[in-house]
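Letters are used for the chains, namely A, B, C and D, taken in the order the chains are written, and counting of residues starts over at 1 for each.
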Amino acid sequence: MDEARSPAPPAATLRAVYSIWTSDTLRYGDTDRQGHVNNAVFATFCESGRVSFLYDEKLDLRGPGTNFVIVRLELDFRAELLYPGTVDIGTRVLSVGSRSFRLGQAVFKGELCAATAECVMVLVDDATRRSTPLPPQLRAWLEARLAR
Amino acid sequence: MDEARSPAPPAATLRAVYSIWTSDTLRYGDTDRQGHVNNAVFATFCESGRVSFLYDEKLDLRGPGTNFVIVRLELDFRAELLYPGTVDIGTRVLSVGSRSFRLGQAVFKGELCAATAECVMVLVDDATRRSTPLPPQLRAWLEARLAR
Amino acid sequence: MDEARSPAPPAATLRAVYSIWTSDTLRYGDTDRQGHVNNAVFATFCESGRVSFLYDEKLDLRGPGTNFVIVRLELDFRAELLYPGTVDIGTRVLSVGSRSFRLGQAVFKGELCAATAECVMVLVDDATRRSTPLPPQLRAWLEARLAR
Amino acid sequence: MDEARSPAPPAATLRAVYSIWTSDTLRYGDTDRQGHVNNAVFATFCESGRVSFLYDEKLDLRGPGTNFVIVRLELDFRAELLYPGTVDIGTRVLSVGSRSFRLGQAVFKGELCAATAECVMVLVDDATRRSTPLPPQLRAWLEARLAR
């Protein structure tokens, strides 16, 4: 399928480039009638990878009264995922701005890289429903994990 | 959230640019603890928009023994979706190659454009699990609907 | 599969016995690798049927600071559901108590009754997270719709 | 909520009565706008518990050209499930017939029993789409695990 795929840095498919990890369990209901895991579930796996640290109560990265919102998701599907098993989701920080940040992610099943993704996240004020500047502790945490 | 969003042609948020339409029903279970429809469900809505014509038995666009596979999805989240209600999913053809094609899509709830998307699709041979040239009837159908 | 199925009143499979209706759209992702709609999605359809009136803002059946919670669900799967299409979900009131009520439901695709269900619902106080007596307007609304 | 709940053997909420175990990971998207895991996901967890052994390729419990189908599910919701975390799903065999069998299940998060369930399963012939007698190896496997 290579001719149809947009160029992505080859490194994105390597486990070694990711520093933040979580895992998820494939479910029978994740499959569709094509016999493999449905494509929308890949967006769920990426979410699992993000939420595991963004909403970690011990890390406490966001300020009170705020929630993270995804504004853009780019997903490159690289291989089929077959039930059963578990997936590992790797995440790295690609850039940090004053009001948004960009993450790189990949979904692995064993050595197989099933998908890579990039997403842009903002922090939204629950009251105004508008984006709000990233608090210092979040910026510091993200910048300490910036992919080189 | 504008500063974080990648540039997209403004036209993508207008109903008038889409020629292929389907609709879907919001489900209570689509919501997440933030109170709105979960981001991964947007990928499902885009899939509904594609599958409605790609697998339409009357149109019969693919050859026997083949299935459509998405290789790249770009999703721009533009507004929250709140339960209940229905969404309309508009699709247009952006380009057609020999072995892949690119679609533009948008998810509307009434006049609200909640998301726009672009995706790259290939046709995969069930036996070899590899991409196969687009059959003439598919190419002709897509080219007749190419966005100008 | 009849020998394995628990007895249920035959009437439960007839559209005519249901007085409250909603509909839902089958999604490609609802299917699983057996080619039909996954069994857990039937629970989602039943939820769609309940939520359509229980949380209807115009009906305003619950008091402030409360939410409906399901405590028991019995689902009889009667036929496969195949994508694509829409389903109609019928609901009737089977009994009303001081702190709980019982609903009967069925999922239809055209004339096919794919499933029947019964569920027990309670109203839970958001603050105490415990069940609370049903308010008069809810009891009156339910009793007016009691299946004879 | 006790008054509304149908009677169930207290033992069903104890980990010790279950002999077959699997686990699943809670997902952010499993939550709904009430802030807890949506009720339909409990049906998915029960499915995870069944499929883990029914479709285990090493056990090979079903004959060729057959698939397991659930004909009845009874779910008792006993406590809220809150994200994040993992759940353990315990399963036991309640009865084995010539063409169907009954399983008991429970969903635990740590020591919390969030739900108990009973289900009736049949084996369906892929060609006829009708139930077929349970093969000897399946009956033997199930009977060896019959709950006393």
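Just so we're on the same page, a residue touches a chain if its C-beta (ideal position, glycine included) is under 8 Å from a C-beta of that chain, and two chains touch if they have at least 3 such contacts.
This structure is a prediction, so every number in the text was calculated from the model and none was measured.
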item	value
Fraction-based call for subunit C against subunit A, same above half, different below	same
Chain located farthest away, centre of subunit B as origin (C-alpha)	D
Between subunit B and subunit A, distance of the C-alpha-averaged centres to the nearest whole Å	21
Centroid spacing, where centroids are CA-atom means, of subunit A and subunit C in whole angstrom	35
Centre-to-centre distance between subunit C and subunit B (centres being mean Cα positions), rounded to whole Å	31
Residue numbers of subunit D (touch at least two other chains)	28-29, 34, 38, 40-41, 44, 47
Subunit B - residues contacting subunit A, complex	1, 3-6, 34, 38-44, 47, 67, 69-77, 80, 97, 99-100, 120-122, 124, 129-131
Residues of subunit C touching subunit B in the complex	23-25, 27-29, 44, 47-48, 51-52, 55, 84
Parts of subunit A lying in touch with subunit C, wherever the complex brings them together	28-29, 31-36, 38, 40-41, 83
